[in-house]
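Quick heads-up: structures coming right below.
Look at the two complexes coming up: chain A is in both, with chain B in one and chain C in the other.
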Partner chain A sequence: MTAAASSAGVLRAPLVVEFPFTRSLGPVQSAFLTGLRERVVLGVRTSDGRVMVPPVEYDPRTAEEIRDLVEVGATGTVTTWAWNGAPRPQQPLATPFAWVLVKLDGADTAILHALDAPGPEAVRSGMRVRVRWAGERTGAITDIACFEPGEGGEEPGAPAQGAAYDGRFGDPVTGIVAEARLDYTYSPGRAQTAYINALSERKTVGERCPSCHKVYVPPRGACPTCGVATTDRVEVGPAGTVTTYCIVNIKAKGLDIEVPYVYAHIALDGAGLALHGRIGGIPYDQVRMGLRVEPVWTEGGRYPDHYRPTGEPDADYDAYKELI
Partner chain B sequence: MPRTGPAREVAVVAFAQSDHLRRTDELSEVEMVMPVLHQVLDRTGLKAKEIGFTCSGSSDYLAGRAFSFTMTLDGVGAWPPISESHVEMDGAWALYEAWVKIQTGEADTTLVYAYGKSSPGPVRDVLTRQLDPYYLAPLWPDSVALAALQAQALIDAGETDERALAAIGARSRAAAGANPHAQLSGDAVPQGDYQVAPLRTGDCPPIGDGAAAVILAAGDTARRLCARPAWITGIDHRIEAHGLGLRDLTDSPSTRLAAERAGVFERPVDTAELHAPFSSQEVVLRKALGLGADVLVNPSGGALAANPIMAAGLIRIGEAAARIHSGASDRAVAHATSGPCLQQNLVAVLEGERA
Partner chain C sequence: MSTSGKEPVAVVGIGQTKHVAARHDVSIAGLVREAAARALADAELTWADIDAVVIGKAPDFFEGVMMPELYLADALGAVGKPMLRVHTAGSVGGSTALVASNLVAARVHRTVLTLAFEKQSESNAMWGLSLPVPFQQPLLAGAGGFFAPHVRAYMRRTGAPDAVGSLVAYKDRRNALKNPYAHLHEHGITLEKVQASPMLWDPIRYSETCPSSDGACAMVLTDRAGAARSPRPPAWLHGGAMRSEPTLFAGKDFVSPQAGKDCAADVYRQAGITDPRREIDAVEMYVPFSWYEPMWLENLGFAEEGEGWKLTEAGVTELDGDLPVNPSGGVLSTNPIGASGMIRFAEAALQVRGQAGEHQIPDARRALGHAYGGGAQFFAMWLVGAEEPGR
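Right, the complex of A and B next:
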C-alpha cells in the first residue's frame, strides 16, 4: 500500500476490494442462463399462471417450487426507462444508453437491461425493442448485450411463444462467476495517521486513555473499555517483552521467510497491550515468554521488519502477566 | 380486528446526530461516531454501562472496511462485555431490534446508533452489490439509475412531472435551513443537470458521511429520562419482491401495510419524516401513507438535504421524536427505507402526551 499525504496532512491510499464469488444455479436459473447462451429466452410459470422473466426458483407469492418453463419472445415492450448520459465503467454499454424494464412478448413481468438508442428523444415507454445478443455467450445475463429499438426478425425461425419448454440443453450452465471490484480511497483517521507518521520516523507512538490510563498501541482513537477518545500521545518502546508466541511451520504464499519461524505478541515498554511481530536473530526453539526484544528496521521499511533479542535478562513474569 | 398495541410502552427519549459532510477524511469511523454516542448519553444522564442493550446499523461496503462495526463499538465502551447486536441495514432496523428487546422484558433502556461513511468509495456502484447477483448485479445498475426508472414510471402514470419533482428537492433544502446538521440547505442549491434522466442533481441525495444515535426507554424510565417522551405507539416493517420487474414501481404496498400495522391511519398525524432519498420517492410515500396537505413533511429537510447511508432512516425517527420532545408535534409518522426503489419500508408512529 502506498500512502500519500494531502495538503491537509491527511494520509490517503488506494484500497481495492474484489469479490470473485462463484455462485451455483438452481434448475430454473440454469435453464434460463443456458437458454441465453443458445439465444432462447425462457420464463417460468407461477402458481397463478403468470409468466415470469427473468425466472426464479420459487413463486414470489406462495413460495411454491416452480419448474414450468415457457419460451418467450426476444422482442418486447418498454414499461419504463431512464436515460443514462454518463455510463459508469462496468455498465453494459460505454456510450450513452437508456436503462429499460422490458416486458418480453409472452411474459407478464419485466426484465432490466440496457437499450442502445441514439438519444433520449428516441426512447419512450411502450416502444418496441428486441434483444441484441452478445457475440460471445457464456451463460450469463450479459449474453444479452442490450436491447435495440425495433421488432423481431433477426433470428431465424420464430420462437414458439408460450409453448412449454423442456429446458434441456446440452452442456447446461451450472454456475456463474460474479466478478466485482470496488476502488476506494482509504484514510485512516486522526489516531492512526499520527501512528503511521511516527513510524516513518522509526518511532512507535501510542495513545493513553484519559480515564483508565491504558496506553493503546497501535491507537484507534477510542478506549474500547471506557468508550472515550484517547488523546495523550505516548512514545513507547523501542524495546519490549515477548508475552506469548507461536511457531509457524507452514510457509505462507508469497511470503519470503524460511519456516519454522516465531510469531510473537510483544509488549513494548510503556504499552498497555501487546502488538504482534516476527522474532528473528535467535533459533526458533530458543524463543520464550519474557524474552526481551527490539525492532529491526530495513532500509525504506515503513514498519519494523522483525524483532530480535536485546541480550538483556528475561523479564520477570509478574512484569508482563497482565499483558498476555 | 382492532390493532393490538405493543405490550410495553417504549419511547425515544434522546436523539443526537453529527454534522453530515461530503468528506470526513480526518476521522476514522469510530472517531466520527463516538461524539454522537456521548451526546445522546449526555441528554439522558445515562452512562453506557447503564444501557440494557445496544444495537447498531451500518454497512462495511460503504467505506470498504471489513468488520468496521466491531471497531465503532470501541466508541461505546463495551467492557465488561455488554449485550449488543448489529444489523447490516439502516439503523432504523437496529431500532426495531432494540424495541423488540424491550418488548421481551430483557431491557428497559437501549442505545441505537448508525453511521455511514460513503466518501471513500464510489457509492452508486457500491450499492449495486446489494442487488440480485444473477440478473442485476452483473449489469451494475446504480442507485440513481434504478430510482430514475421509478421516476419515469411515475411521470408516465401522470402522478408527477419534472417541475413537481424539482419543487420537492427545493422545499426539502429550504426546510434544511433550520437544520444545522444538514449537508445541503437553503434556496440556492441549483436543480442541475440530469444524473440519470428524468432525475437531476437536485432530485438526488447528497453523498456524504454522518452518524446518529437514539436512546429508547420503557415506561416510567422514559418519563424519568425525558420531559416529553416520544412514545412509539406502533412500528412495523414490510418487504416486497426483489425483482424490480415484478413490482408496480408507482406504489408502495409495503409502506401502506406497515403503516396500517403501526396504526398510522387510526388518527391524523401532524408531521411526517419520510426517508425518500430521491424526490420521486416522496410522491410514492405520500400516496402510500395518505398524507394530506395539512401534514408537515420533512421539516428537517429529509434525505435530500443529508443522506448518510445506513443512518438516514434512523435520523427520520430521531427527527420526528425531537419534534415531539420540543412540543412542535403531537403525533408524527417516521419512515425508513432500504433496498432499491423503496423495496423495504419501516413505519413508526410517535406520540407525545398532551399537557
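Right, the complex of A and C next:
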C-alpha cells in the first residue's frame, strides 16, 4: 500500500504534550545558575585540575564528587558552530543565529549556546565572543541571552579568569521550572478511525478476530492474543452489562463531573472485552455488578455521555464473569 | 538444584535513600549517587570494582528528562563501562535487577551495580499516565479508579469481607515504623484511623493507597569469587523470571493475571520450591493498593484461588506471622515508582542476609521479591536465599 492510499480517510489530529517540570538543582547547579543571575560564570575543577563549564557534580573520569567551584571569564573562543537559519519558538533568538560551542576563558570544556551574528559568513571557529547578559535575570541558563562577537569589556570590572569563587551568593536559586512541550500529529489508524466514524452515527462497531472469534471494542486492527489482523466489522451493543465498577468520590483534575459518580466497566452485548463509562440515571449507591445499561448520547458528543439502566433484570454473574 | 553451568549470583551491597515526598536538596544525579554510594559502602567496594551499570526508572514523562541515564553516567561511575537502561513501567526496579543478575550469571561481567530511582516531586505521575490522546475518551477516574474495579471484582469472586483491605494497610504502615528508610512513618496509626479515612474510589480508601515518593535503591551483584570477598553475608539468587502480557485483551484476568502465575511458577521451579507457603520465609510484594496483598497471595501460589484474604485476615502475613508480607512497609509506605520494584528485591535480600534491622524476620533463609507494572502487564520476581544454591 502506498502512503497516500493507507492514509486515505484515516483521522489525524495534533497532540500537544506539555508540562512544567520542576528541577531540584543540587549544590553545583544551584551555584552555577545563581552565578548567572549575578553575572558570574562558574565552572568546577576536576581532580586532575581541568575546569568544566557548565559544571557537573561528579568527575567524569574518576566518579569522585567534585565541589571546587571556580569563576571563569565571560569571554571565550568558539570551538565549533552550526548555522540555524530558521529558529523555532522557544529557541534563544527569534532571528537566524549560530549554535556555538564556546570555551570560556579559564575553562577546559565548551558550553553550548546561541551566537547573535548577521550571517554564517560572520562566524568561524576560533573567533572571540562574549556573553550578552539578559536584562532580567532569574537564575536560569537564559540569563545568558546569547553570545555576541567581540572581546570582553562589556562589563566593567570583569573578574580575573579562574579566580577562586568564595561560594557566597545571597538567596541562592535551588530549583527551576523546565517547561517541556512536544508537538505530535496523532493518527488512531484504520481500525479506530472506522470505530470513531461509526460512533458519530451512535453505533459501536468492533472487529472480530478470525482466529479466536473475540470481538475487540475498540478495535486495534489486530488481535493482541492471536497476533493476526482483524478486518471483520461487527456492531455490538447498544446495551451491555456492568461487569465491575468503583464509586469515585474525589474530583479528577480537568473533569467536570459531580462526585460521587460511578465509573464502570461495561461489556456491550457481543463484545469480547469491557469498555469504560460513567453510570447515570440511578443513585450511585444502587449500581451493582450485572446491572444492564444502555448508552445516553448528548448532542455533538463523540462518545456516549454516560450509560443508564435499561430496566431489564440483572445479568447472571456466570454470564459475564469471563469479561471482568 | 542445578544451575546448569550458570555463574551463581550474589547480592553483596544494598543502598537506599531515605524515601520522602520531595528531595528538594538534591538533583536526580545526587539522588542516585546517594543510593549507589551506600550500596558500594555496604559491599566495601569502590567505583573501580564495578564492571557495568544497569539502571531503571519509570517512563521518562514522569520527570521529563529524556533518557536520564545519559546524564547519570558520571554520577554512577559508568564512564568507560557499559551502561544499560531497562524500562518495564512499574515493574522496572525488579526487571532491572534481573537484567543485572543475568549479566553476572552469564559471566559477561563479574560485578554489576544496579540502581532504580524516581523523583516524583519533579512531575506528576498521574499526568504522565493520562496524556490527552485525540479522539479517545478520557479516563473518567483518577489513579485509583483504574485499580478499584479490579478490587471489587476480587471481592465478588472470593467473598472477602470489606475490612481485609484496611488490615493490610494497618499492618504495612506499622511495619514501616520499623524501617528507617520508609517514606510514611505514621506514628499513632490505628486500624480505626485506616477505616475512618475517606473512601476515594470505593472500595479503596485513602489510607489503602500508596504515597508518591522521591527515592533510589541500588544493589551490587557479583559472582562466586566476589561473594567470597564480601565483608557481610551475601544473598544468593535462587531463581529469577520476568513475564509480560498485553494490558488489555479479551480474556485477561485482571484479578489474577496469567503472566504473574507463570512468572512465579518459573521462579519456584528454578529454586526447587514446591510449597511456597511453607518454604518461603518472607515476601516483599508490590502492593500499591492494600487489596493487592490478598490478590497476589493467590496469584503467586501462596494460597488457593479465593483463599488469599483468609491468610491476611488470620494474621499470617503480619511481621510475626508464618508468612510475613512486606516487613519493610511495602509500596503502601514508600513509592518512588521506578525504584519500588527494586526496593522489594533489595528488602528480600536484606532479610536473607540478616540485615533488615528492626523489621528482620528471625532466621529468614528464603525470601521472594515481586514487582509488577503497566496495568498488570509486566511481572518480575526473584527468590533469594541465605545459602549458595546447590549447596
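By our rule, the second predicted complex is superposed on the first by the 313 of 324 C-alpha atoms of A that agree within 3 Å, B and C clash if a C-alpha of one lies under 4 Å from a C-alpha of the other, contacts with A are read in each partner's own complex, and residues count from 1 in each chain.
As a working rule, a contact is a pair of C-beta atoms (placed from the backbone, for glycine too) under 8 Å apart; a residue touches a chain by one contact, two chains touch by 3 or more.
Source: prediction; values computed, not measured.
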May I ask you to decide whether A:21 touches chain B, chain C, both, or neither, giving the answer as first, second, both or neither? both
First (chain B), second (chain C), both or neither touched by A:186: both
May I ask you to decide whether A:84 touches chain B, chain C, both, or neither, giving the answer as first, second, both or neither? first
With the two complexes superposed on chain A, say which partner A:13 touches: chain B (first), chain C (second), both, or neither. second
Applying the touch criterion given at the start, work out whether A:245 contacts chain B, chain C, both or neither, answering first, second, both or neither. second
Go through the superposed model and pick first if A:176 touches only chain B, second if only chain C, both, or neither. first
Go through the superposed model and pick first if A:59 touches only chain B, second if only chain C, both, or neither. second
Those residues of chain A which chain B touches in one complex and chain C touches in the other: 15, 17, 19, 21, 23, 25, 29, 56, 60, 178, 180, 186, 188, 192, 223-225
Where on chain A does chain C make contact in their complex? 11, 13-15, 17, 19, 21-29, 56-63, 65, 174-175, 178, 180, 186, 188, 192, 196, 209, 212, 214-216, 223-225, 243-250, 252-255, 257, 260, 263-265, 272-273, 276-278, 289, 302-303, 317, 321-322, 324
Considering the complex alone, what residue numbers of chain B touch chain A? 25-31, 34, 37-38, 48, 61, 63-65, 71, 73-79, 120-122, 124-126, 129, 133-142, 145-146, 148-153, 156, 194, 196-199, 241, 243-246, 249
Could you list, by residue number, the parts of chain A that touch chain B in their complex? 6, 8, 10, 12, 15, 17, 19, 21, 23, 25, 29, 33, 52-54, 56, 60, 79-85, 88-92, 99, 101, 103, 109-114, 120, 125, 140-142, 176, 178, 180, 182-193, 220-229
Going by the contact rule set out above, which residues of chain C touch chain A in the complex? 22-27, 29-30, 33, 47, 61, 63-65, 73-77, 79, 119, 121-124, 126-128, 131-142, 144-145, 148-153, 156-157, 198-204, 246, 248-252, 254-255
